[in-house]
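After the structure tokens below, expect a handful of questions from me.
Each chain carries a letter (A, B, C, D, E and F) given by its place in the written order, and its residues are counted from 1.
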């Protein structure tokens, strides 16, 4: 595969590292949770986020599998990056990722066959999850092992947070249960739509709406502060 | 060959012509001051040739044509040039104008002929005489008539259409002209036919003017191939593209002029004016103006010198009523609102319509509900809905690709829009923005 | 806590040098080989578990629809007839299978049949137990379906619906409201289509295999 | 200068006299007889259910909309029409949720009046049907004189709770009976409205009359119902001639289910139907075809709602490809 | 015949990849901004899916029976390289076609719809013909969803979307609406 | 089948290894054929720029600026929009001097707020200056003057313009980046961009003279010529009923030119143009 792929593929180009700025390990780890959350902020990997989150159990397993692949391939990629020529970079990454995914899929099939069945093709589809290739391209391929793993762990947790959020909302409203445990008793009327495809779209849309609203409020507050400062500067 | 005497789309605003349709044309006493902006017509403004303090007689040249698409300007009364400066123009700006203090002692009488006899002239001489007489189209656009009468060599004109539709509500200038001066209309037509060497002419009149139809028919010259046709009453029947479709079943191609389908369209008042110019020997210095609307006490049709201020006209029509609210030059569909009573009437001013508060459209608009009424109204089959939405987002280039250039700002879309979106205004802005842009 | 600083060197970086094709070949070749090895190892390690899982699930289903038989045999459908052994050369996994259950007394209690067809959303796969002698169903279990949760999925989750199949006489007839005859199955309100699909799947499978199953018993081959 | 300053506005200085609120409130008025008829058939549950949907819609408009937009009346129409598509016995809280969803997600998310893609009332109903499929397909029978005043279901179920199994008589709709039980319904019952079904799909005749009034006043584009009816009639007559046992006759198709209400009031929603007349013909025909496909070959007994929603999604495309032919050209505008 | 029709309609509308199965959302969100781009993307999608169906059938029939654990890797690598080769060929043979369609090809390689098609086709044991019909149906479904979304987004371009909803949230709401509307097709051809 | 047998392992390793080899060969070939190299520093610099693509630097967007900056053709400071820190970062990254930029600001050539310049008619319609200007000039008595409907404030992406209580736009010099959007937006062409050192300013565009001008606006330039007399010779000329400052002679300009102006049309500006006579109002009409 050629380098063109990396430009066209969703999100697979990380921003440049700011020159002259210091980055702490803490930042590497934490940025994935919220500030650069792969799903909620970067909008990557939406297919699994929508497809498998109709129950919390599915979300957990999916998140776990993705976490495993992400961390494993980040580790390997950053370990091996010195040996991999640029020209075969993406091909090698895909080889690594696909190996991990195959392993994860067989593992799930052996350990939790029921959930594996519920997740359907989506475990295999982790191969093409933009988050994973994106992280290899943007981070693991350029940074030392320690930081790459931290970054992958952060992103993995970020993905897990998003999936859990979606899964909880959808399962609680759509089935009245959490991890299969009934929450409201038999009188509860489940909102079936939440576990159906439209419900997936609507839930994610609402989550993004909330995220946008939160960011906007913060931006507005910052702008107001900035304006005050400007007025003060002008007055002085 | 004959069209279906109607066109597709368009709207039916209440005509309200009864206010003045039967009021005979009346000549007004000269006002104390006339203001003659140098820009009275389409094309380049005239160049002033008088100085402050100069004494001028009726018909004297005040300004000379500046280029081919331009016309001279003449004194519409005897008096003294009191000022050469900026004055409020009907287009909303301040524009160079000649102020003329009318000589109250002057009889303002006819004087020896300034324009030669037409019978003696060849076509080229006729066109030049018309130009020197400062004749412009009186149908509203005030485009210099001599330009229309000098088509390029490679286009072949086969028909002259005389536009007697007067489809704008309220206005009755053309109507009264046809009723009172039908022979002039015919004479003007005869002259133009000679200018263009055209053998055929058609006169189109909306069906709501039976007396005009009858007067024109009764005086029809026997020696000319002129036919008179009663047309469907619908706005904008008088727009030249619509008129040509109605009468000849020809569509003027997008971006082209009537001459490209072999037609010249002239307004009845323009024709009558050409005749009058050659009859009296005086250039175009006065015109018929309908002063009407529920905002004036005694609406009427008046012959006034060009340059008469709104103030004087309104006074002649009995003054403004209490609830007069808006003064419009031209009809209410396409006319321009005027901001002050000092603004003068130009050669192309067909009427002064004074609307009361109740007549004016509400100014609150709602979001577009995509009812599609505007598409059903637009006589040139544009999509005003889309154009309007694009305009609100200032997407001028996309408007251009959606044929904004073909919009003639007739106002039909704005008239029908239930959400009261000022579509024509938006289109006007868009056109202005695109014009400002170097290439788009 | 590690702190790292990136200090860029001024001046334009040199364009990357050309790589030797040999290096590309080595990297991808070796990488591929390693990946292949890893995969085959993982496969080998998980395969037994996976197959065991699958077998356990099927086993449970067969036992459920045959009402806990003492044991059961796997029969193969070959050219429309049932045989106990797969014909030589054929892959037994690719043949249609039917399971014959036996009671504690060693007498056959019935067959378990897997069948699948379109339901409301997608294909429904189910297994049912059938007593060929009395032409009665012993039980039904949905193996796979994507029917609407809360609606169509009640064909597997509604105990009342599933229970009706035990003892129902074939061919089945779906009815709305209460069932009145042993051949009737009362369909789920709001999920008529899924219910009807279940009934249709069973009826069609029996129309196809029923005579074979009965014949097999009558020929006495079922009795060891 | 004269005492009050002159007004200056852009041309045209006069208007046709219609206004968006006037159109909307006329539609509201024309719906009142339909609500009253539904009340006649289904008793006091009707004002309750319609009221709850209305409160949900109007409340959402008030809470999330721009200031003053309630007065344009469009939210009231949405609430009323949503109410009319619901069964009489629906718990009120569901109707309320539907109304709020219609306006908040069906309309305001897109920027409010005039900008939405899907018919808000139908989007609300589709949401309810996908959320509470059983409650939305429980159809009480129209009442008799003695039981008129009784509620037709557990209207007062607590929020988030299921409706208790009601002791009201329920039954299948004419379309459901046709589809699943192959039993016909008398045409006269359909025309008058003495059948089961959602509140507004009962009296076809009345809806035709009220919608006709709007069409006469040019408040709705008559081409949409015309092409819809024509498509259904023609295709269904053909099918019926081919296989009378499998396909019911055209009149049954036209007068049953939500087709009348959908054709007259919902397909004609100005905002979510094409702006061009050619587009409207295609739009109506498309709905007709989809209704037949869903009713005859789909999994659901009734398909008007989905048919309209699907065609709503096609409207931007139709608008783009059915631009009028510009005067003096043979081209059409690119549409964008 | 009936089965093929069912496969086609099922994959195109009833189980539409994008709206019902959440497959290929990245390009769906990314390329649906303009109608002409979306249509080209749809065409490219259709092409890659058909090609994949054939390739996967061959792989399943001749290679993967022996090495099932290489399934995933084989699929992804074979698809990616096929696309790459086709891309190069098109570039060489028809620069016009390349400009119209070619630039979308790499984008498709890495979207999950293609891999999912391969997996479904394998799991359901489709033969070559069935596989092809399935691919064409899914491709038509992707194109339909793209077309609808793109024309809607173009018109929403002119709407006054509230700030918080602008962008992906709005697109997801529209997708939810489409998905809701497509539920009308549920059970198509499967009722009796 | 024994999956863990040596042949199986070797076989699969062989297959994948073979596939890898084939690919590597393919890629090596393609890589030879097509190769484009771009200085990676351009991306870096572009990422450090604000990304507004506002054009204040005079180039068609931030990436163009980055290319020029990497090529050394433009000083980082010319991006007036980015923060001083960011400019320093770019300079440090490229190892060049930050450089100097002359600060230019937008100045309004009108001081006729609602308090001093009356309306002659009521304009009702689209509430934008552009639309109003197209309808009888917009209703304001002085047809050259500011219509106060805030097109400029809406156009300014840097939030540098606020409308004051009498309907005049006030530019905050600290925020104005001289992007020129307001110049573009104003239908009456009232904004000009000028270096902040140009302090002598005629805040009027009315072509009328004397009483005629003053009747329409109390702060109009009446073309009395006093400023031209008081200023150093040649600094101010009277043209078309207006005083015109020749900024080529800006060094000679001084506040004395403004002393005798009867209407206050000519002013000496330090910093912000208007001393905010009334409190700033929020909530621009859109």
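In this section, contacts are C-beta pairs under 8 Å (C-beta built on N, C-alpha and C of every residue); 3 or more make two chains touch, one makes a residue touch a chain.
The shown structure was predicted, so the numbers you read here are calculated from the model rather than taken from an experiment.
Counting hops only between chains that touch, subunit E reaches subunit F in a minimum of 1. Fewest steps needed to get from subunit A to subunit F, stepping only to touching chains, is 1. When you average the Cα atoms of each chain and compare centres, the chain farthest from subunit B turns out to be C. Here the chain pair with the top count of touching C-beta pairs is B-D. Farthest chain from subunit F (centres taken as the mean of C-alpha atoms): C.
Computed centre separation for the pair subunit C/subunit D is 43 angstrom, with centres defined by C-alpha atoms. Centre-to-centre separation between subunit A and subunit C, using Cα means, comes to 33 Å. Centre-to-centre separation between subunit B and subunit C, using Cα means, comes to 84 Å. Centre-to-centre separation between subunit B and subunit D, using Cα means, comes to 49 Å.
Residue positions 336-340, 363, 367, 422, 425, 428 of subunit B each touch two or more of the other chains. Counting only residues that touch two or more partner chains, subunit A has 1-2, 18-20, 87-88, 91, 95, 98-99, 102, 106, 192-193, 196, 198-199, 202. For subunit C, the set of residues that touch two or more other chains comprises 8, 16, 19, 24, 27-28, 31-32, 35-36, 39-40, 42-43, 47, 120, 148, 150-151, 193.
Applying the touch definition to all chain combinations yields A-C, A-D, A-E, A-F, B-D, B-E, B-F, C-D, C-E, C-F, D-E, D-F, E-F.
On subunit A, the positions that touch subunit C within their shared complex are 17-26, 54, 83-88, 91-92, 95-96, 98-99, 102-103, 106-107, 109-111, 113, 117, 146-147, 174-175, 190, 192, 195-196. Looking at the complex, you find that subunit E touches subunit C at residues 6, 10, 14-15, 67-70, 73, 186-187, 189-192.
The residues of subunit C lying in touch with subunit D in their complex are 120, 148, 150-151, 176, 189-190, 192-193.
Contact residues on subunit E toward subunit B in their complex (touch as defined above): 157-158, 160.
On the side of subunit C, the complex with subunit F involves touching residues 8, 10-13, 15-16, 19, 21, 24-37, 39-41, 43-44, 47.
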